[in-house]
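Chain nomenclature is as follows: A, B, C, D and E, assigned in order of appearance, with residue numbering initiated at 1 for each chain independently.
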Amino acid sequence: MNPGWLSAEEWQAVRLSLEVASRSVLVSLLPAVLVAWLLVRGRFPGRVLLDAVVHLPLVVPPVVVGWGLLMLFGIRGPIGAPLNEWFGVRLVFTSEAAALATAVMSFPLIVRAVRLGLESVDPGLEAAARTLGAGPFDRFLTVTLPLMSPGILAGTVTAFAAGLGEFGAVITFASNIPGETQTLPLAIYSATQTPGGEAAAGRLALISFALAIGGLLLAEFVARRMHRLLGRA
Amino acid sequence: RAQDTLTVFAAASLTDAMRDFAQAWQARGNPAPRLSFAASSALARQIEQGAPADLFMSADEPWMDYVQQRDLVVNATRVSPIGNALVLVAPADQARPVALARDTDLAALLGPQDRIATGDPAHVPVGRYAQAALTWMGQWDAVSPRLARADNVRSALLLVERGEAPYGIVYSTDAAASRGVRVVGTFPAESHPPITYPFALMRRAQGNAQARAFLAFLTGPDSAGTWRRFGFALAR
Amino acid sequence: MLEVALRHRFAADGFSLDAGFTADGAGVTALFGPSGCGKSTILAAVAGLLRPQAGRVVLDGQALLDTATGIFLPPERRRFGVVFQEARLFPHLSVETNLRYGERRAPRGATGPGFEEVVALLGIGHLLARRPAGLSGGERQRVALGRALLARPRLLLMDEPLAALDTTRRAEVLPFLARLRDAARLPILYVTHALDEVDALADRLVLLEAGRVLAEGGVEALTARTDLPLAARRDAGVLVGCTVLAHDAARGLTRLGFGGGELLVPLRPEPPGSRLRLRLRARDVAVATEAPRSLSMQNVLPATLEAIAPTGTPHELFLRLAVGPTPLLARVTRDSAERLGLLPGQMLWALVKSVAFGLPAPASSRDGPPS
Amino acid sequence: MLEVALRHRFAADGFSLDAGFTADGAGVTALFGPSGCGKSTILAAVAGLLRPQAGRVVLDGQALLDTATGIFLPPERRRFGVVFQEARLFPHLSVETNLRYGERRAPRGATGPGFEEVVALLGIGHLLARRPAGLSGGERQRVALGRALLARPRLLLMDEPLAALDTTRRAEVLPFLARLRDAARLPILYVTHALDEVDALADRLVLLEAGRVLAEGGVEALTARTDLPLAARRDAGVLVGCTVLAHDAARGLTRLGFGGGELLVPLRPEPPGSRLRLRLRARDVAVATEAPRSLSMQNVLPATLEAIAPTGTPHELFLRLAVGPTPLLARVTRDSAERLGLLPGQMLWALVKSVAFGLPAPASSRDGPPS
Amino acid sequence: MNPGWLSAEEWQAVRLSLEVASRSVLVSLLPAVLVAWLLVRGRFPGRVLLDAVVHLPLVVPPVVVGWGLLMLFGIRGPIGAPLNEWFGVRLVFTSEAAALATAVMSFPLIVRAVRLGLESVDPGLEAAARTLGAGPFDRFLTVTLPLMSPGILAGTVTAFAAGLGEFGAVITFASNIPGETQTLPLAIYSATQTPGGEAAAGRLALISFALAIGGLLLAEFVARRMHRLLGRA
């Protein structure tokens, strides 16, 4: 599996990056759709506040996000402590933590894209589904969701790309542990922080870039199919 | 650019002390210096790319070397007036002293999931000193897989403060400023290269009297008290 | 029995609707009126897609909407099939899946026309695997119609469902809708601009103008009135309920009985005893003061001239005729009327060309027999 | 003069179009055919919105599309106004801005109807400040129509522009379109399912079926043919060009002259000398073997029975009559024909009710005078 | 202007952040629309490559982006050197540099949103505009652009939020000079680098959050109007 031009550690970083980015997207997709739905369709007082909270990871520096996650999910945090006591789960320093930090960071990006997708769904079609007997959940699954799928795909792609590059929050929350939490960006960062590390950093950045192209090609393929399915092409 | 403006690029770990110095400098009737704090590496690269820095205060020697090799430094002005100590810290509520000497079995102090937080030895100065010290103790091979490598000292310290890591290896200055941790041991000075902070005047500021004066102020006897107050050791 | 009473105003100075009417339990009620008079808005409110500012919608005693008591049954629980003016097919589903969408969600045991039947009738079999995007306007409308029918609704709301169809296809679909209404006893609210669709289907007519109900009632009664905008149409005329009396296959004729006598029409497919409804257009009825001979017109009916009414066009008149108990309208020029010296009370012969009937379709079986 | 020849196939096994026809320089050419036969596809190709796999579109000698030589003039440089089947109003612009969109982009000096005129005629004055979203189906279609007209096009393509309109509004818009065609000498390609629109407007007719042209030619010639699907319609009949001879305001009558004699019709607004076109529907024409008396029908024309043709319905026949040089169709039951003992060559009287004409509108001024 | 509860330096950071975020959005909006248009409508061989390049700032860590910018626009860089020689313009370490770094970082976010907006424009309406005589540029301005404006607004909001929080690229490219390039996130970073600086960091993060809420409320207002204008509400 390990091509000769990558050190074992770098190869691990590549695999880990892919894993972390994928897991973060998978984790955040469902909540993102839910939150997007609330933001677009919801009529409740705290809507703008929810919107702001969703944007928070964008607005504050990633290090602060990592720091906040540490406060929440750390072993002394309000979520981390019970997790540890009841389930013996310790998140920090694991690749799960890296995925979580990445998910939080890319969450606003997914939500935004999903929202745009949802907003462009013709409400007339949902109305038609209602008259055909489809209840709220049913018509969401069979009409709204498929019709907003271009937005979901776009969000997935953006989040995946951002996940490949997420750095500040991951290193703060999950630390940089080779083989565990050292993703590509952490490796790249390490390289740039070393005098003379430019070449290594450049090579790793190129790998990131190649991964991104791969992801985009895949997304392109899915989008083509999707557009055909949505009858737009 | 007028001769009397002064831009100082200082390693992030000097933030607090430098703010203090800047005020003192102003209090003496000088214009306020502009201070830019970032990782030494970022600052060094910026200087390489023509950043308008008059004074560079690095947190470690290699990045000053990097700048000097590119002929951007007034060589004669390079000094390393202050230093730091490397300490082992533990969360304040579970601190038990650890004697740090050759062959101290640090790994034995750790539970199966525990890690020691410190800077990333690959690029964070504190991590490099930690690596040297652990190697000197003969513990590197055993401990290195158990390190939680943080982005900078403050993050490492935070991991200890929050109880994520039962131990951390940080500078004594940082340890002193944190209420959440307690120093449980100090690495012997001979266990690692001296922790020094090289300062130098940049070549572009060769004729900048302000810059020279400020550098002199920082390295002069009047500053010693302030440096000590912030936990730094004075060189020699 | 559907009772509708709605009040709604879009924006402060916008269109305002204030309409109430009833529709029979298993018949077609046509909503008829000029563009922008509020027909689609009424359908939306009945379907539950628009919550009017005030109003009630009651079907068979069950209130689906009552703003006074706060009752509102969501559209998905009303089981009202809707054919929208703009088709509204699901673009991501194939034509077949679109058609089956409502069918899958219909309660077990609900009856209605089968998938194959609907597909064949609407001529959309070759489209089943396609997606809606490439469909032509008429194809889209047909699929939408099929989708609503297959949902096995208990009320069907149709907004100009046949407007995009050619005459041939309409002539096929109309009798199907009539059969549906009778077989499934499915009440239908039907928006249309075309009088032939009213003739073929409607039992009741609700005439709308600018959000208000102008008149409401049985089609036969309303079409005989000369004071409604209906009468100003070139195809104005009375709908007459008839019974098939006998067929004469050799001569290609069917003899129909109605309240005022008999009519000969081109051979009809319905067996003797069936009831039919025919529009005798005012302009297809001529009058003669003496019994005519040697004419190709086979229907010469003795009639009394009851009244002469204006038509709206200055030089033409409506003659209100009574053929037995059945009212009939004839549209003649003022000149003819004068030439023939027509006076109310006079006995005349009404001449009707046998082939001059509106598009025929079986009338609802609830129509009373011609008395 | 517009020449169109197109070949196009959607997907490998999809709909395939292979149609060619010509349209006159300043007349209305109606495209007529069942749903899905390719009418909208043809319009799209002529407008330049669809690039067919092969074909030519030539207007007045200028090739706009020629796949053989690679010529393709983009739609925005063709200046062809299009009224789409689905309106396609710009949702972000007010009705007024929608209407002015094309007007603003028309070349200086281009002439056409004025903004106020179009707005008044289409009855959309009260909608000007609104956005398209809340418009009713008919309102939308009217705005789309206005928008295309105001772009001052050199060719107008209309896809069922009146399908969503009520009869009254249609009766207002149709003569306007006819005036437009004459005044602006604007050629129009017109898709419709409604024969009355063909009567009111069309000079040429292109009959389509499944992507092929069945027949193409002048409306009067095509409507007199009994071998086309047109004849199977219940409103089949011959279009006859006439000239207004005189008005008799007192009797409310207008005397029209046509190739075969004269007709009395209800008073027309056109001054004497104007040309008109009337549809004499086969079912509105009766025949008598002796000159009838005492009838309200004022038009009794001596005619020769030229031929008896089948109608498609087994028990009815077409009688092909010649009234002077003008062909006429009468639809009678086989029974009547036998009763009257009709034989080709026989002299008959054709009876036409004076009010039984199709929706009348000024015919194109290019129609030849009745000979 | 300066409320008492902010130090002069912090107040400056707030103003600078707003300025940098706004300028970065303004700078990137037009190219983003152009690139989105190319990506959606263009049919040229290097499309996926362009897509990947656009995503690049997401994929590599921000510090690397800053580093790349430094290499390009620095006084010895292939762009920076001529700029300096010919025009005497030195970009690096100015607030313009901060805006540039922020713009580059948020570029993929704007492009993505604009793309989604563009993809949901009904091509039938553009076709209608063509038949009414609107040439490519005309119909883009009068039809496509207004109809894709929800996407543009969404992109603007996301980019503005991200701009408020951009850290790694700015500190690397523009340095951390109070009053010049020290934006809020840099100030927050500085605070976290100071022992006991958590309180200050928290306060500054809260200010960021407040700014974000302000921006979102504004966006909400604009979106409402826009939806009304687009006839969707």
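Here is the rule we use: a contact is a pair of C-beta atoms (placed from the backbone, for glycine too) under 8 Å apart; a residue touches a chain by one contact, two chains touch by 3 or more.
In this text, all values refer to a predicted model and were calculated from it rather than measured experimentally.
Touching subunit C and subunit E together: A, D.
Between the CA-based centres of subunit B and subunit C the separation comes to 90 Å, rounded to the whole angstrom.
For the pair subunit A and subunit B, the distance between C-alpha centroids works out to 35 Å.
Per-chain CA centroids place subunit B at a distance of 34 Å from subunit E. Separating the CA-averaged centres of subunit A and subunit C is a span of 57 Å.
With touch defined as above, subunit B holds no residue shared between interfaces to two or more other chains.
Residues of subunit E in contact with at least two other chains: 63, 67, 189, 192, 232. In subunit C, the residues touching two or more other chains are 86, 134.
Contact between chains, as defined at the top, is found for A-B, A-C, A-E, B-E, C-D, D-E. Of all the residues in subunit C, the ones that touch subunit A in their complex are 47-49, 74-76, 78-82, 84, 86, 88, 90-92, 101-102, 105-106, 131-134, 147-148, 151. Against subunit C, in their complex, subunit A makes its touches with residues 124-125, 127-136, 138-139, 142-143, 146-147, 229-232.
Listing the residues of subunit E that touch subunit B in their complex gives 63, 66-67, 70-71, 74-77, 80, 84, 90, 92-93, 171-172, 175-182, 189-190, 192-197.
Of all the residues in subunit B, the ones that touch subunit E in their complex are 7, 9, 12-13, 15-16, 34-38, 42-43, 45-46, 48-52, 152, 154, 157, 173-174, 176-179. Those residues of subunit A lying in contact with subunit E across their complex are 48-49, 51-52, 55-64, 67, 108-109, 112-113, 115-117, 119-120, 150-151, 154, 157-158, 161-162, 164-168, 185-186, 188-189, 192, 201, 205, 208-209, 211-213, 216-217, 220, 232.
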